[in-house]
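Presented sequentially are two complexes of chain A, the first with chain B as partner and the second with chain C.
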Partner chain A sequence: MDMNEIKEIFFQECEEQLAELESGLLKMNDGDRDPETVNAVFRAVHSIKGGAGAFGLDDLVAFAHVFETTLDCVRSNKLEPNQDVLKVMLKSADVLADLTNAARDGGSVDESRSRGLVKELEALANGELPSPSASSEAPAPKAAAKAAPAAPAPTPKPTDDSGFQPVPFSFDDFGGEGDAGGMPAYEVIFKPRYELYSKGNDATLLLRDLSRLGEMTIYCNTDELPGLEELDPEGAYFFWNVTIKTDKGEDAIRTVFEFAEWDCELTVKPVEEARADATSNDELPMVPVPFDLSILDETGATEEVSASDARAEETAAAVAAAETASNVTQMAAAAARVEKKESAAAAAAAASAAAQNNAAGAGQTIRVDLDRVDRLINLVGELVINQAMLSQSVIENDTTGTSSINMGLEELQQLTREIQDSVMAIRAQPVKPVFQRMSRIVREIADMTGKSIRLITEGENTEVDKTVIDKLAEPLTHMIRNAVDHGIETPEKRAAAGKNTEGTVRLTAKHRSGRILIELADDGAGINREKVRQKAIDNDLIPADANLSDEEIDNLIFLPGFSTADKISDISGRGVGMDVVKRSIQALGGRINITSKPGHGSVFTMSLPLTLAVLDGMVVTVAGQTLVVPLTAIVETLQPEAAAIHSFGANHRLISIRNSFCPLVDVGRILNFRATQANPVEGVALLVESEGGGQRALMVDAIQGQRQVVIKSLEANYTHVPGIAAATILGDGRVALILDVDAVVGASRGQSLKAEMSLAAVG
Partner chain B sequence: MSYTVKNLNEGDRELIAFRIGDQEFCVNIMSVREIRGWTPATAMPHSPGYMLGVINLRGAVLPIIDLAARLGMKPADPTARHVIIVAQVRRKVVGLLVDAVSDILTVTDETIQPTPEISSELERQFARGILAIEKRMICLIELESLFPETESEAA
Partner chain C sequence: MKKKVLTVDDSRTIRNMLLVTLNNAGFETIQAEDGIEGLEVLEESNPDVIVTDINMPRLDGFGFIEGVRRNEKYRAIPILVLTTESDAEKKNRARQAGATGWIVKPFDPAKLIDAIERVTA
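Let's turn to the complex of A and B:
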């Protein structure tokens, strides 16, 4: 595994940590004061910092460090995490994400922004915290305190460069802490837990680093060492009492244990305090075991020495080590037992790892290259097609349908269907990441526009195919921007309207009849129908005397050319309009609708397929061609009677269905499969519902049946064809085209859909 | 366009020659994926005349192009005897319908003569030179220029 791969893993983990960080901060923002939440947030930043240090990503480390310092104040209850504080922190999380991205992909970040935030964070940390660094304006003393012991990097990472730059500082900055006469002494109690060792940390190395801070005396406390029969060879039983005289301050001492602090109990006290404690606290009797400090000095010797003295005593895992270690000679006798215990310990380790995972709510997961999954999905798709082809040829040769081949095939069909479903489930992912991105966008726009906005997300664990998620982000961003920029009013206006000055945007995801439904609701002003109508008339989108229902007016905003082209703000779509949103949703096989109540806000509803790989379709024949019509689009099918067909103008015909008239669209004509319109009475009409309301009756020659088809891209080897959404392969091995119902309806509508004009022109 | 195959000398290229009507053409063998027989294609709406439709190539949708029509000659009337050359053009895979594959040629760059000056824009657009082999004239065509990047707009 080379460095780049490790780095890639680091960035992947960063993404997870950033998500954790953001969700934690948002929880805190909602009033969650659970220390575990604060800890989770702190850990996220801390891990990013640690990893970034190992890769020498200085910018990231520097920012993460300041962030972490402020978070530490929150963690230690020195700083109240109120709304203002959290606002800064959320912004910092955004910057941290930017810095991470910049570190991965190159490019730069808005430095003034990160610098500004560093100042804000420091102000937060300093304002409330009488820490050694409080007396100084710059973060230099803290950074320096961290920098000094950081060189030997007490990290499990195989590198010594942790990315800290030593910053010169003056001891005067420490104010009261810096004892003018001698160096202040500290009592350090370092009690490793089992995890410390299992993560590859070493007590010896930590103690050695500590010894570099100043003069120290060290005692190893062996009180908790159980008898051999109870000894877990990989357990942690010893702890150390260290008295150290250093001028570097308590922070420096804690920094030594920075990467181990989750896995040990660490008490650091100035020595007077500790003494006072010790006298009042008899349950920790010091039984000093002489501990030879010299073994801590030389790096060369450490490996061996630490194995025999510190580590082997602690873990007592290696029998070989036991032989060389004089003080654990008894171990040899218990060697057999040790081996037994080892497996028990391994099981315990696995259990504790699982417990940790569960605690994080993650469950057991593996990382798999997406290409592999896609390949599997493609192959399963092939399998389904092949199975269908096989069934068809068997049916052709055996009409009785009772042979054992038939039975076997049926079972095979069920199996393949099940395999397909399971494989599809691999790609299913919760929409959470996209939703989380939205909260950032809301924050930023709210900031820019001076509005106060609260984003509520619901159903973020709703799962949907990864490709859908990937393609969802862009239209959703647009809509969120629109909602915040145009939908929600300014606080003054809201107050005047008697609403809460804080606007609410609600983002909901749920499963609904085999599709995912995403709703974006704002409690803003709603659509100003008069204005929209006027704009549509001005832009020649509708005739001035058009008689439109409220719903139709609302849906006008999805028309191309509705939004004006002057790109004044980069916030929301003055340049790119809702038509783009609609088109990208449609490209996903989805539908979008808006309902709006003046004064109460608007609700955008998107309905998307759960997967882009399969589709339930109706197989139809048109002019000798086999086409697939997505079942979701079809409202009903009917056999037109001659009496129900009415000519309308020169080229149009309407069909009357239960006393309402619906335009008849000849699919064969629209797709240019035939030159003249077919006789509707000879065919079948598919009543379809199209975007923007309104039904159309699509004329096809015959219906062959219903089936689930695997969607194959036409664009991969060819190009987008107007009126055709994709292709599929039918049971006979031939390609069939999947009809793009909305495009066909749009083309039949003529003037309004410019995108489909080329189609009409060619046809 | 440089590639090295074991028994090829520097500057040698391998070409695959095929017949359309009474003319012979060739393309770089490196762009050819496979050669297969004609199967009926599913017609595509609103496609240019040379676009015969799409077929199923082991699960992928493969557009079939009537090379004769694309080169401005009489459109083919595909029969079972026709051949589809499956070729990689940039990142897309297309099937080229030709009458028959005739030869695999190993030539050096020197044997490729420049395209004579002719008035037709179409021929100049795709012809990259001509070869004289055993009294036959074979026109070397470049597939990339047959299918410009803006194909989607052209279609």
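Let's turn to the complex of A and C:
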């Protein structure tokens, strides 16, 4: 793994953290004051900042830092997260997302916006927090980030495994003038306290680090070592006198003891001073002992053996028993391991129990490359086809129908179906990320239009195939824009109508009979039917005297080239209308509907398949070929009677259905399966709805049945064929083409499909 | 023998950076995503040194360090705190909980390795 891959992971993680951040802030906006929510929000920003720092993304770090500082005030209850505060924070979350995107894809962010928010955040942090820490830190985040602890010992790292290189000692130098080699000398007195060892620090290692600074002489003082009977095996009794010659300075020496400075007594003095002190202390019966660090090298363990001449025997006993203070800790730990194994085990059990309690809420997940899942889904598709083929050949060959093969086959079928469902469930994801993106869009448009809007989302954990989710964002964004821009009235108008000045947009997802239903409801003015009707007449979409029901008028907004906005606004008037939304929903195999109540708002209902990997289709025969027509496109099927067929021009025919005329399209002719049109009376008509809501009757020879088919891409396996959306493999092993209803209907309008269409006669 | 490092951090980015840095420097690396998992992994992995983040869900770095120090078997293990907090208060709390030393994020690989070598034999 290299840095670029890690960076990629970082951006993935940012997306998750941003989602976490936003949902946390929204919860807080709804009055959630759970400290864990605030903590999660804080952690999200904190994580982004941490990663961004590692990649030198200074803009992101700077903004995240200010944001984090303000969040910290909330976390420590110095700042009350009221609606105003949260408004700023939600906007900051948006800017943070922008900065992340800019860092990933290049591009720029609205700097004035982010600068403005930095000021607002700082004001929030300062308003309630008069202490200078936040205020002085906030404007200079880079400086703060750089205020790392002093550099560690700058000596080159040793290369041998023990991490130690012996240092030459010269006894002659001890007590010398301190000018040998022209380097200043320092006397260091290092006296560890008990706490030093209990925090995992080790006097040996500190002295070893010190030795890297220069030539040094070291003496261990054992005067405070008590007799064995009073000895606390974990006590700290030794201290060390070190004389070191180094040009690195006193600060470098202190830096060595950086981690230990609270847990030891440390004196560092230039040697002249020290010598003056030493002279006055001459009477003290301190007998320095040379202490050779190089023994470490031999043993490879952290052992220090030292003894004072005066108390050699006693000390030797003590040392033999206890070796060094740090080693003692380990030994004691080893002893305790035996004694306290039970309590340790109990503690571990308690910890894991606690973990399980927590994990119950979090749920265990693994990350899998999407390609692998896709491959699995493909293979299961093959399995389904294979199983169907096997069933068919067994049925054809087994005339008795009672054999155990049939039983086994049924079980296999059951299992295959379950495997397929389970595999599809792997790729299923909650719609939450898409819904969360919508809340930002609502905020932004509300800001731009000066409207006050509340977005309520429900069922955001409803799962649907990832391929559907990916394609859902765009139409949904457009619809939300429309709802906020055109649906919800201005606060003044709402007040005048006696409504709450704050508009509500409700986004709901739920499962309904094997499909996902997404509803977008606003409590705005609803569809102005008179205006819509007039507009449709003006744009020649309907005749002036058309007699339309309310529902039909509402659905006019899905017609291409329709827009009711008086003026083209920045927000939704970008040249795409609801017809584009409808088309993209239909491309997903879905349907969209609107119901509206004047004065009370509109509800858009989208029904989508849970997956794009399988499709409910009607299997039909056309000129000897088997085709599959997506069930979602079919409104009804009917058996045409001779009396209902009317000729129209040379090649066109119409069918009358309940007093209205509908163009009749011979699928076999359009796909060049046959040269002349078939007799409609001998076939079946499928009434389909295509883009723009236009209805056509598709003529096929016969209906074989209805079944779920596994979609196989034609583009990936063959090449694009006009009029055909994809292919599938049927139980008899033959390839069946899935009809692209929109393309066929389009072709019937005059743009005939190309000659290569005849290639469609596969299988 | 390779030294074994246990890292505890909730950020996937940082976990990966630690993994790459430590593996490149010849350490064996074991990773956990939060304090609770850290304590679980500790038992099986028996590391030579621990590097932990402070801000984590479920059990934060302070709680994790205290947990390690309460364990007789591991109370002398060196623990380095890896955190973006450079202010004295956080450092002090980590120290009181029993941290051996600290590394400030964004960490410089050389400094991380150096700090680990400073606290391990």
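Keep this in mind: the second predicted complex is superposed on the first by the 415 of 763 C-alpha atoms of A that agree within 3 Å, B and C clash if a C-alpha of one lies under 4 Å from a C-alpha of the other, contacts with A are read in each partner's own complex, and residues count from 1 in each chain.
Just so we're on the same page, contacts are C-beta pairs under 8 Å (C-beta built on N, C-alpha and C of every residue); 3 or more make two chains touch, one makes a residue touch a chain.
Just so it is clear, the model here is predicted, and its values are computed rather than measured.
Asks: Now for A:V109: first (chain B), second (chain C), both, or neither, which partner does it touch?
Replies: Neither partner.
Asks: Between chain C and chain B, which one touches more residues of chain A when both complexes sit on the common chain A?
Replies: Answer, by number of touched residues of chain A: C.
Asks: Should A:L210 be classified as contacting the first partner (chain B), the second (chain C), both, or neither?
Replies: neither
Asks: Just chain B (first), just chain C (second), both, or neither: which does A:V709 touch?
Replies: In the superposed model, A:V709 contacts neither chain B nor chain C.
Asks: Is A:A40 contacted by the first partner chain B, the second partner chain C, both or neither?
Replies: Once the two structures are laid over each other on A, A:A40 reaches chain C alone.
Asks: Which partner does A:Y197 contact after superposing on A: first (chain B), second (chain C), both, neither?
Replies: It touches chain C, and chain B stays clear.
Asks: Now for A:I729: first (chain B), second (chain C), both, or neither, which partner does it touch?
Replies: The first partner, chain B, only.
Asks: Let me test your reading of the model: by the given contact rule, A:N672 touches which partner, first (chain B), second (chain C), both or neither?
Replies: Only chain B; A:N672 stays clear of chain C.
Asks: Does chain B (first) or chain C (second) touch A:I542, or do both, or does neither?
Replies: neither
Asks: In the complex, go through chain A and note every residue touching chain C.
Replies: Within the complex, chain A touches chain C at residues 1-3, 5-6, 9-10, 12-13, 39-40, 42-43, 46-47, 49-51, 53-56, 133, 144-145, 147-149, 151-153, 157, 161-163, 197-202, 204-205, 209, 258-259, 262, 296, 300-302, 326, 329-330, 333, 336-337, 340, 343-344, 347-348, 351-352, 354-355, 358, 362.
Asks: Per the contact definition, I'd like the list of chain B residues that touch chain A in the complex.
Replies: My answer: residues 40-47, 53-56, 58-63, 92-94, 151-152, 155.
Asks: Report the residues of chain C in contact with chain A in the complex, numbered from low to high.
Replies: Those residues of chain C that touch chain A are 1, 10-14, 16-17, 19-20, 36-37, 39-40, 43, 55-58, 67, 69-79, 84, 86-87, 95, 98-102, 104-107, 111, 113-115, 117-121.
Asks: Which residues of chain A touch chain B in the complex?
Replies: Interface residues on the chain A side: 378, 381-382, 385, 625-626, 671-673, 712-714, 716-724, 727, 729, 733-737, 759, 762-763.
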